[in-house]
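In structure tokens below, several structures.
Heads up, the next two complexes both have chain A, just with different partners, chain B and then chain C.
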Partner chain A sequence: MSRYVLRRLLSAVPVVVLVAVIVFVAVQLAPGDPVLVMLGSDARPEVIESMRRDLGLDRPIHVQFLAWVGRALTGDLGRSLFLDRPVTTAIAERLEPTVLLTFGAVAVAIAIGVPAGILSAVRKGGLVDQAFMLLALSGVSVPEFWLALNLVVVFGVDLRWFPVAGYVPIAEGGLLAALRCLVMPAFAVGFVQSALIARMTRGAMIEVLSQDYVRTARAKGVSAFGVVAKHAFRNVLVSVVTVVGLVFALALGGAIVVETVFNIPGIGRLLVESVLRRDYTLIQGVVLYIAVAYVLFNLLVDVLYVYIDPRVRYG
Partner chain B sequence: MTGRAAAVMGALGRRPSSLVGSVAVLVMLVVALAAPWLPIPGPNDLDVVNRLKAPGAGHWFGTDDLGRDVLSRVVYGARVSLLVGFLVSGFALVAGGLVGLVGGYYSRLDNVLMRLMDGFMAFPNIVLAILLMAMLGASVTGIVVALGITYAPRMARVVRSAVLVVREATYVESARAIGSTDRSIIARYVTPNCISPIVVQWTFIFAYAILGEASLSFLGIGVPPEVPTWGTILSEGRAYIGRALWMTLFPGLAIFWTVLGLNLLGDGVRDSLDPYMRKAVGL
Partner chain C sequence: MRRIAIGALLLALGLSVVGPRWADAQEGKRGGTLRVATIGEPPGLDTMLPYGILAQHIGKHVFENLFTFDANWRPVPMLAESYTTSADGKVYTIRLRRGVRFHDGSAFDAADVVASLERWVQVESTAKSLLAPNLESIRAVDPQTVEVKLKAPSWVLIYMLAADAAPVYPSELVQKFGNQPIKEYVGTGPYRFVQWLPDRHIELARFDGYAARNESPSGFAGKRVAYHDTIRFVPVPDVSVRVAGVQSGQYDVALDVNPDMYQTLKDDQRVRSLLIRPFGWPFFAMNKAQGLFADVRLRRAFLAALDMDQLMAAGFGDPALYAVNGSIYPKEIADWYTTAGTEPYNQKATARAKQLLAEAGYDGKPLRIITSRQYDFLYKISLVAAQQARAAGFNVDLQVVEWATLVERRQKPDQYEIFVTFNSMSPAPPLYQLWLFEFWPGWWKNEEKDRLLARFGAATDPAIRAEIWRNIQALIWSEVPIVKVGDFFGYALASPKLEGVQETYTMPFWNTWTR
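On to the complex of A and B.
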């Protein structure tokens, strides 16, 4: 068991290294000289040269990479030019709404997707099943930000149930005020992702319901509800956990786009602003942060999986 | 027509949902191609008197803040959005397909190539696409390359696993025994037998690419704003959401229509080619 976890931990190391290489190389290939961007094109050559030396840009590329990774490991992702503060500080300031929104969206996706998938499986081939599966397919075909825009019109502008835009940090208005700002964005992102969970749950439930132990439970006289709730659900849950990592990534991606619709000052806005301003240090830092967070989350899901499913533990 | 291709065509005919899907995609494609001959104003024709006009006679989808016809913009937007989808899925097909083919066939290269793919897949899609857009700059070419690189690893994985199965087949073994070269085995036996998973994946990547383009352009880092695509039209309409819902409603519906069509098509082909899925789905 601990050997499995250790092995899984070690397998994440090369992925993280590769992620760092991809981010570093991508930014190196970007057009424009970072020093000229900072100083302006009319700067004196000796000033440019001295700044290049100060930033270590005159050193070979692999030395620059190792220096960058070394600093990143100590939590130093460089300094954002336009925000005039360390990248890590900028990320920390913008983290709260994005984390709440992403986990909120995953919660919405599970809350809609799991019951819909189970109902579909139980009524396999029936009207409920076909309606839910058509809805699920529609879910994966809708851009989240468009759904979000329509929610704004109905629940923000017409009904005035939720704020149209903006975010109130927990420190200022408390958790409830913060969550109220995130209800519509989390629903928009979560609804789209629930489709994946619904389809996965349905497939797994249909498979589980055809197993011998379910037949035995039925033969014993366990009620239809009891079979699903007590016997089948646990095994379905295992399959659902395997897609939670993917749903998390999709929800994070959705959050990044939807933050723009609602003017939420999160990591997504930070990333988009850094691209629009060509602030490469910030782009590099934010993308590395998101990718590493995602790798670690997947690691957590895999470890969790071992706890839920004894077959992995002893297999 | 090869046996597999016939199976794909036959599958489309047998399944009503995939038929509906292909008709939906085809209709959008025909409308996009026929745009210059349709009785609609140009996508950039200004009609200052009729700014922000609600849908009605003369302007079926209404007009935008500059008095441009929204129907015309959605139709012309389809040309760019579908082209981007087509080129992205083509890029992913060629790049990902090659990586998958080489990785699956030559086991010595497999580990290196697949770890590289893992590296790309460790990013949430939109984040990788945004990073690449920052590097390539906002343009149609940029978006095709950025989304192509983002989705290529998916294709690579699918092709690789198909090749791994085909590689062990007896007919490949016999081809090797009679002295066929690797190149001819790959071209004549391996590739044709991997077509069906490739077709399915290609359809899905087409759909993702349309959604991806829309998201990036909506964020202002995709196609330049002057090029009408469904994403840029949505982005422009956002400021008028309370006053002119039609500016965002119709391009969104166009995306939904097309992506749903592609998903129905992809699902249908997959289910009918895969007997296991057919059983599990129970349709």
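On to the complex of A and C.
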């Protein structure tokens, strides 16, 4: 098992390197100049040149890239041009809300998607099935920002249950205050992703429910709930975990949009702001971080298979 | 008596319609935190550097200048006590106020002013362009007196010293950071800098050692009282969330609200709509160095084709949010408002534009207009203007790019004929009218303009200055280096509980309190 994990980690290295190269080239090719963004469009040319020199942006691209790679190998992702602090520090400062939001969104997606999928499968073709699948269709069709803004209007402005925007770190207001800020954002991301889980769960459950051992269980007099919960669901779990892994990645993407709408100072917001500011080192650092997180989570999902399905063995 | 009363009433009504929208001075309530939702964050708070309006807006609570603007946008003393000008108009002797302290406890004196102004003329674009070539010396006569000696008389100096880009920093900080961005924010203002948590907020707190002036508040001038204990500037990029934040009571002020929200929000009891005027004006900047628009006849043809009523309506919607005005200065700045030479403005003359194109021998080469969606009003104005220019016979190539790309591309004379941008509020010409100068993209080279600007800067008599400005404005509408579209007003929201709000450009939050 540990050899498998090690092999998977090593095989992730080329992926991460490729991501780094693509991001570096894409960022450099994009029009726009971080110095102009920082100094404003009316800055004098000599001031612009001086700052460009100070930041090392006057060097050829390949020199900048090699210098960045050299530093990255030692764990130093450089300094943010705009925030004037190490990229790793900037990322570390934003981790808390993004981690909570991502896991919260995945929890919401599972809490809605799995029961909806199971109920739809059990009541296949019925009213419940059609209602849930309509909901799932609307889930995949609704953009996260639209849902987010509607949640703000209803639960933030009209009912005033949750703050319309912002985030209170755990260290300042405790876990409950932090979670209260994240309820609407997590729902906005989670609801959209729950549609995917619901459809996958439904499909897998319908297949399992037609298996002989389910029929045998029913024939033995096991209750309908017992059949689904004890016999069928265990076999559906592999498919659910696979799709949850995918949902995790999508939730990270959703966080980028939703953190901006809800004004949450997380990794997604950091990425958006760094792109708008053309903060090259920060963009590279954040994308690299997201790529690594994605690879690690996929690995975690693969490892989980072993515990869920006894048939899976990694040599 | 009755006539006088009616006259006073009419005057008051007139002022409320066209005058600067300043609140009356009242006694307020102390305490609480003012939460201001902003569109984003500035790169820094060193307001001498071109960090934009938001940096100046936040910074003006922390830093103060020798002078500031009153309700009529005229410069009056702030950290200065008074000043005198020599008979030849070349030497300004500025007396400083006593008893003023910086937030770090150090005393404010002439050494701080000299260090700050010497840095200012080196790093600030307008001071560097307008003042530095004309500056003989800045020196401390004694700890309470500063002398600025010029090579030629220039009344603009006091206006420039009143602008947000000329703050006074402690001399120790100026020495420490030199011309690099200052990152320790210590001033003499009614609020002191507390902390900046990136993407969360910038926090200011009342400065208990603040030495306020005694005069009644007028514009930014006079007595400043910090009623709120703290002010938090919270970056909230999404405008809907800024608005929802004020509606729900989470924020007290939302800046930069989209004009198209005015219709739905003006009668919303949960918020108070603030119209900020003067604010700015969109314009088409012509590339005069190269290409089609190096020919003034084609620039005039483009101008003739434009219907400014349509363009402003497209950009801003509700007429409460804009004014169709050909004067470079809005009516609210009465000292510089003039209709001189504005006849070519808003001609709506497609046939005349066609005739001018034929006379210039226009051969159908693409008219490249660069615009961006960054500012929605600029994009909408560009779309309609392109249509109007097409109707006149121009072969328009409208290029919609990202703002950063527009800023980069406008530096390259071979890449466009027009770029679409806007000018922020300026208290007096030629301050913050960079398009008047040859170094700015568009590159207006004109001997008559240079001669007029030189005379303008040296004119000590306000009446002569006004006359020269009228000539400069007429030259602008004749030579068409740019085309002003009209004046637009800023739109912001405040909580109905907030009192004393000034509906003005970079509205200050001293002298405001929460009920």
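Everything below uses one rule, namely that the second predicted complex is superposed on the first by the 260 of 315 C-alpha atoms of A that agree within 3 Å, B and C clash if a C-alpha of one lies under 4 Å from a C-alpha of the other, contacts with A are read in each partner's own complex, and residues count from 1 in each chain.
Everything below uses one rule, namely that contacts are C-beta pairs under 8 Å (C-beta built on N, C-alpha and C of every residue); 3 or more make two chains touch, one makes a residue touch a chain.
Note that the structure is a prediction, hence the values are computed from the model and not measured.
> For A:83, decide between first (touching chain B), second (touching chain C), both and neither.
Second partner only, chain C.
> Touch check for A:36: first (chain B), second (chain C), both, or neither?
Second partner only, chain C.
> Considering only the touch criterion stated at the top, classify A:62 as touching first (chain B), second (chain C), both, or neither.
In the superposed model, A:62 contacts neither chain B nor chain C.
> Who does A:265 touch here: chain B (first), chain C (second), both, or neither?
second
> Now for A:3: first (chain B), second (chain C), both, or neither, which partner does it touch?
neither
> So which one touches more of the residues on chain A, chain B or chain C?
Greater contact footprint in residues on chain A: B.
> According to the stated criteria, A:153 is in contact with first (chain B), second (chain C), both, or neither; which is it?
After superposition on chain A, A:153 lies in contact with both partners, chain B and chain C.
> Is A:275 contacted by the first partner chain B, the second partner chain C, both or neither?
Only chain B is touched by A:275; chain C is not.
> Looking at the overlay, does A:220 come into contact with chain B only (first), chain C only (second), both, or neither?
neither
> Of all the chain A residues, which ones make contact with chain B and with chain C?
31, 149, 152-153, 157, 260-261, 272, 278
> Sort out for me which residues of chain A touch chain B in the complex.
The contact residues of chain A facing chain B are 14-16, 18-19, 21-23, 26-27, 29-31, 124-125, 137-138, 140-143, 145-146, 149-150, 152-153, 157, 203, 206-207, 249-250, 252-253, 256-257, 260-261, 271-272, 274-276, 278, 280, 283, 287, 290-291, 294-295.
> Any idea which chain A residues touch chain C in the complex?
Residues in contact with chain C: 31-33, 36-44, 47, 82-84, 90, 93-94, 149, 152-153, 156-157, 160, 163-167, 260-263, 265, 269-270, 272-273, 277-278.
> If you look only at chain B, which of its residues touch chain A in the complex?
Counting only chain B, the residues touching chain A are 115-116, 118-120, 122-127, 130-135, 137, 207, 211, 214-215, 218-221, 234, 238, 241-242, 245, 248-249, 252, 255-256, 259-260, 263-264, 267, 280-283.
> In the complex formed with chain A, which residues of chain C make contact?
40, 43, 49-52, 123, 125, 128, 183, 197-200, 234-238, 240-241, 244-245, 247-250, 401-402, 404-405, 407-410, 434, 439-440
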